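Chain nomenclature is as follows: A, B, C, D and E, assigned in order of appearance, with residue numbering initiated at 1 for each chain independently.
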C-alpha cells in the first residue's frame, strides 16, 4: 500500500469580524488551501477560552489555530490583546506538558486578508503535518496490562475465596 | 500552493540581490523618492544615484549597474538607510553590488577592489590590519604616482609614532584562518 | 433528549454541490447524528421554496432546532432565522454552517471537502441542540445628540441636526469652536477666504436655539449605549462667568502678561494670559490661562477683575461636571500636526527660518501675527526664495506610513500665496503630486503657469552648513532631483514643512471611553471602509472629519452631514433593537474577585461594593465574550456562545477523531 | 435526624498521603455521632477488616463509602471497582480521589521515570542490585504477582462511577460534617455534585479587591505581601479566584496565596485553564515579547502552578508521553 | 563594573592616543576594561566588500572570544563598534546566517550565541551609566571658554538607532557642556568624513573633509573632538593636503573625546596621548584654558 501522507485535524477558532470574514473572502476569491482546518466561529478571539484549545487537543485534534483581528484593529477595541496574552500563557503551560509549540498558533487576519489567512492556514497545516499525529487520548491509555492485572486480581481473589 | 508573490515575481537581477543581501527584498517597497540620492555625501559625484540603481535593479539592467561607480563611492555612512522612508538597507545593497562586481570583475576605473583585496589579504595573514603594508602594497601596485604625494604625510605620522614598521600578528592565526577557510567553503550568506 | 433537529444542506447550484457530495452529507447526517429527525439537501436553500421547505418541516416534524449548511452566515443567517421565526421557532435556535466559502470554494479534492463538510455539519448539530431561545432587546432613542469637536465637520453635523429640529450638544476642548479651519487664511483650490465661509457657520451654531455649546470642555466619561448614552462633561474653569461676560474685551486689552500662543497661533504669535483665541471666536467669552496668569503665579495683579465692567471674572471658579443624556454621538475630534522636530535633518526648531505649515497659515492670515505679510522670523525681511517640503512625517515608515492627502494641495496654495504676496521664487519638493479632487488638478496647472518650481524628490536635509559662497547665510535644501537623477543643493531663505496630519494624541483614550476602535495609525475605525464610512462598530456612535482619517474641508463637511443624516435616521426610528448575544453573571455564585472588571472595554461590567459581586449592564454589553473566557470561577455565561455550546461544537467538529480514538482504546475484558 | 437502622460505612485509602484519614478524625467528638449512626464495615486504616470480607458482602450493601486517593495501581483500581459495586453511595473523598492532587503531578512523568527516581536516584536509596518492582516474579514456588503500577494516575471517576465529591486537601472538618449531615438527613444534592459551597475562595477572603492589572508575577519568597490587599493584585499567583470556597480562605488569611486545593467550581471543566485565562487576561501589557517575559519570569513552573491539584483531572490529564523505546 | 574591551587595530598604533586616553579615563571612572584575548581585526568596511560570510565570521570570532563572565563589550572605534553590533544583529535576525557563522566558528572550535554580548560605545557608557552629576564631580580643570565642536561621524549613530539621534546626536555635546566647555553648533556633526575614500578618490575625499573643517571654522570651534580613529585620521593627517588642494588655511586640532575628558579630569596630558596629533592641540587648549583661568 502506498504510504499515505498524514492529514492533521485542526480546529480553528476565528473571530466573527475579521478572520472569519477573511475566510469568507478567501472563499469568494476561490483561493485554495488545505481542508484540514475546521472553523468554529466565535464573536472575538477574546472569547477563546484556553479550555477550548485543551478540549480540542484532548479530543484528538492535532493542532489548534486561533485567529483574530490585527492588534489595534479589534472589533471590540482591544480584546484580541487578551487573546494574545492567554495564548502566550497557554503556550507556556503546554510546553511544560511536553506539547510541541507549533501545535497551537495565533494569527491575525483582517477582513481584507483572505490571501494572508489562506497562507497562514497552509503554513500551519504544513508545520503540524511535520510534527505528526498527536493522538492525545492514547497518552493516558494504559496498555492491555492494566485490564489483565485487574482481571487477574479478581480471578485470584475469587479462587482464594472458593478455597476458604 | 498559495501564491508566494515575492519569490516568483520581479526581475532576475532583483532576485539575485535578494539572495545576496539580507533584507534586499525591501527594494520592492522603493517609492523612488530620492531620499537616498539626496542624502548621500558623494551623491553629486555618482554616475547613478542610489535611487536610480534601485530602479535599474528592478528593471534588470544588470550590466549597467555592475559597471556603475555608485557603489564604489559609497562610504558606508548609512545616512540613506537611516532616512529611507521605506527602510531599505541601501548600504548593504551597495556592499552586495560591490561583491558581485568584484566576483565578475565588472568594475571600471576604480581602485577600491584592489584596496579591499589588499586589506583582507593582510587580515587573513596576520589577523590584524597593517597600515604600512596596506599603503605600500596598495600604492605600489595601483597608484605609484600618488605615493609621492603621500610621502610627507606618512613621514609626519611616522615621527609621531603613528605608523608601525612591522605588522602585529595574532597568536591564534591558525584558528582565524580555519574560520575563514570554512567561510569560503560555505560560500555566501544564503 | 427531546431535541428534534432538522438539517438542510444547500447545493447553491453547483457552488457547493460541485465540490461537496451534498446528498451524501445530508444522508449521513440523518443517519448518524443524534437528534436529527429530518435531513435534506436542496438546490437553493435561500430561495423562497427552500425557506418554505424549512418552515413546513418545522411545523410538520415539530422541529426544535434547525441547521442550515450553506453559505456564510454573514450572508444568509438573517434569511434562515426569519424562516424559523415564520414557522414559530425562535430565530436563535437556527445555526448556519458555512459549506461554501469555507469548504467548496477553497477545496480541490471532493472527498476531502465532503469530509470537512460532514465535520462542520456535525459541529452545527451538536451545537444547535444546546442553543436556547433568545429575545432581542429594544431601546428608546433619545432625540438629543452629542457632537464631540467643534471644527468644521462637527459644526456641519451640528447645524444639520439642529435645523432638523433636534437638540445638539457640542463639546469643544478649546475656548472657541472653529477648529483648524479658523486658523487658515485661504482654502484650496478656490482660494475662498476661510474665515468668510466659516464664521457664519460658527455664529449660527452659537445662536441656534437647538444648539448648546460647551467650549473649553472635555468628555470625561461615556456610559450607556445606543439610544441612551449618559455623558459626563468636564467644563474646565474659565475663570470668567459666562452669563455675566459681554465679550467686550477690556480684560484682554489690559492684561499685562503676553505669552507665546502655541495653540491657535501654532507658536508663531502671542496672546494674553486672558484671551479669546481669535477675534471671531464663538463664544466671545475669554478664558484665563492659569499657567501663565500672574495671579496664579505669584498672587498679584487681578487687573482683569478690577476692570471688568460686569464683574464676570471669577478667580475661584472650579471645573464643573455636567451630565447629559443623548441618543447618539458624533465624534469629530480632528487632527494634530506632526511635530516637525522629530525629523532633525529638516532643522525645525534649530534653524529660525524653517516654518511649519500651520505657522505659515497664520503668517498668511491677515489677522495673524504678521498681518498677512510673508516675512522671515526676524519679522522684517521678505524672503527671496521659499522652499516647500512635502511629506514631512507622511509616507515615511519611520513616522507615518499613510499619505496625509491634503498637503500637496496646501503646498500649492502656499506657493500661490507666496507668489502673490512676494517677489520670491518658490520651490516645491514632492514625491508624487496628489491632486485628485474636483478642481485640484486645474489648480496644479495654475501654479505651473504662475511659475512655481517643482522638484520631484523627498528632501534629504535642510542645513545652514554652506559649501559654496552662494550658499553662505542661506538655508540649503539638499535633495535628489529624481527626474534629473542628480543631487541638488538649492539655497533658499525660507522653508515650509508640510507636516503630516496625525490623530489627536488622546484619540485612543477617547476611543476607549466611547468604545470605538482606532486603526494602527490611530484614526477611528469606521464600520465599513467602503459601504459604511460614517458609522462605527459601536451602535449610535458616528465619526466625521479627520478623526477618521486625513481629509480636506469638502470631505469633512460631507462626512459631517452624512453623520447627521444617519443620526436623524436613528432618531426617527424611535426604537433600536439590540442583539441578545450578551454576557450574564450569576450573581449568586460570583465571589467578586474583580478579574472581569478591567477586561470590558465598554465598561459594561460594574462592581457592586455592597453585595461584593460584579454585574453586566446588559445594554452596554457588545457580546464579545472575553469576560466569559476570563472568569476564573466560571460564573459568567455568554448567550449564544456558552461554554457548553462551544464544547459541543468542538466535539462535533472532531467527531471522526473521536471515533478513531475510541477504536484505538483497549477495552476492558469485563465490566 | 437519626436513622432507625444503623447505616453501613466504608472508608478506603488509595493513592494519597493519608491526610484524608486524619481529616475524618478532625471532626473531633462528632466521630461518636458518626459511629452512633453507622456501622463501620470497612476502614483498613482504623479498623481490622479484610478485602475478602468486602468481597463477600452483597452488592450495594454498603450505604456510604468514603474513598480517598487516586488510582495508581491495578490493585487500587480493583478496590475502586469492588467498593463501587458494594456501595450505594460512593464519595470521592478529598482532592486525590476527586482530581488527582499532588500524586497526580506524577503525570508529568511516567512509570519508568518514576521508578528510576525512586529506586535509583533519591539520596536515601540503597539499591546496589538495581532492583525494581516487577509485576511478575518467578520464584521456585511459582509466580509472585505485584500490582501493576500505571503510567498515569487516574482519578476515581476516571475508573468508576462516582456519586459525590468532597474536595480539599484535605477536606475541612466542617465540610466533612456538613456532608455527613447531608447524608444522614437525606438532603443530598443531585448525583455527581460536589458537596459544598459553589463560590470561590474570594468569597471567604477578607482582603480588599479592586480592578486588576498585573505587570509582574512574584513568587512567594520574593515579597512580603501587604496584609490588607488582594494577593493577586500584589502579583502573587493566588489561585483563590478559581478555587471553590469551603476552606474559609485559610491560606490568604495568613498572608499566603491560595494554591487551589479545593478544586473547581461547578460546571468548570479545567482548573488550570480557568486560572491561566484569568491571570493572562489581566496582564498589563500589549507587547508580545513583554507578555512572554512577564509569564516566563513570574511563572517558571506553569504545570505545577496551574495544575498543582488537578492535573490528573484536567482535560489533558498528563504530560505528553514520549514514545516508549521498549 | 567590568567590560570586555575591543580596542581594534587603529587604536594599537595610528590612534594610540585614543587607546591611552580611553584607558586613562576608564580607570579614573572605575570602569574595568578587560581586553579580549587575541582579538582580530574587524575587517572595517573592506571585508564586507569582499565576502560577507567571511566578514561576519571574522567579526564573530571576537564576540566568541569575550570572557563568558562578561556580557558587554566596549569598542571605541566606530567601525569596530558597528561591525560587532551589526554581526550580532544579523545573526539574531537571520537564523540561516547564524548557523553558517557558527559552522565557521566551529572550524576554530568557537561558538557564539547572538545576543549574548551587548556591544556598547564608551560615550553611551559615560553618558547613561555615569551621567551629569558624577561627571561634574570629577572635573578638576573646567573646560570653560573652550569652543568645542563635537563630531560624531556616522557609524556610531547609524544605522543602529538607540545610541543617540542618528541625525543630530547630542550626548557628546551634553557631556562637554557638563564639563564647562562652550559646545558650538555643528550642523555637520553626523556627516561623513569620507572614510577610506582618501585611498580611492582624493578629490571626493578632500571635499568631504573640507566641508567638516569649514563648518567647524564657521562656528569658530577651537577644537574638534571625535569618537572615531578614521575621522581623526582624515581630519587631522589630511588637513595639510586639504589645505593644499583647496588653497585654504585650516588649523583646527582634532582630538579624541576621551583626551579632552581626561584634560577636564586633570589627567596627565602625556598619558592622554597628546602630541601624537599632526595639527598640534596642546597650544590651543593651554592658551584657551589658562586665558579663562586668568580672567
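Here is the rule we use: contacts are C-beta pairs under 8 Å (C-beta built on N, C-alpha and C of every residue); 3 or more make two chains touch, one makes a residue touch a chain.
Everything quoted here is computed from the prediction, not taken from an experiment.
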What chain is the most remote from subunit B, judged by the mean position of CA atoms in each chain? D
Tell me which chain's centre, taken as the mean of its C-alpha atoms, is farthest from subunit E. D
Comparison of A-D and C-D by number of C-beta pairs in contact, larger one: A-D
CA centroid of subunit C to CA centroid of subunit D, Å: 52
Averaging C-alpha coordinates per chain, one finds the centres of subunit B and subunit E separated by a number of Å equal to 22
Cα centre of subunit D to Cα centre of subunit E, whole Å, reads 65
Could you put a whole-Å number on the gap between the CA centroids of subunit B and subunit C? 48
Got the subunit B residues that touch at least 2 other chains? 79, 83
Could you list which residues of subunit A touch at least two other chains? 31-33, 49-51, 55, 71, 78, 82, 86, 118, 142, 146, 150
Considering subunit D alone, which of its residues make contact with at least two other chains? 269, 274, 277, 281
The subunit C residues in contact with subunit B across the complex are 345, 391, 395-398, 431, 456-461, 478-482, 485-487
Along subunit D, where are the residues that touch subunit C in the complex? 198-203, 209-213, 230, 232, 240-242, 245, 264-269, 274-275, 277-278, 281-282
In the complex formed with subunit D, which residues of subunit A make contact? 49-51, 54-55, 57-58, 71, 78, 81-82, 84-86, 88-90, 92-93, 95-99, 136, 139-140, 142, 145-146, 149-150, 152-154, 156-157, 160-161, 164
Can you name the residues of subunit A that touch subunit C in the complex? 7, 9, 11, 17, 20-21, 23-28, 30-33, 35, 38-44, 46-52, 55-56, 59-61, 70-79, 82-83, 86, 118, 135, 137-138, 141-144, 146-148, 150-151
Considering the complex alone, what residue numbers of subunit B touch subunit E? 22, 41-42, 45, 72-73, 75-79, 81-83, 89, 91, 95-96, 98-99, 102, 110-113, 115-117, 119-120, 123, 127-129, 131, 138, 146, 149, 152-153, 156-157, 160-164, 168, 170-172, 175-176, 178-184, 186-190
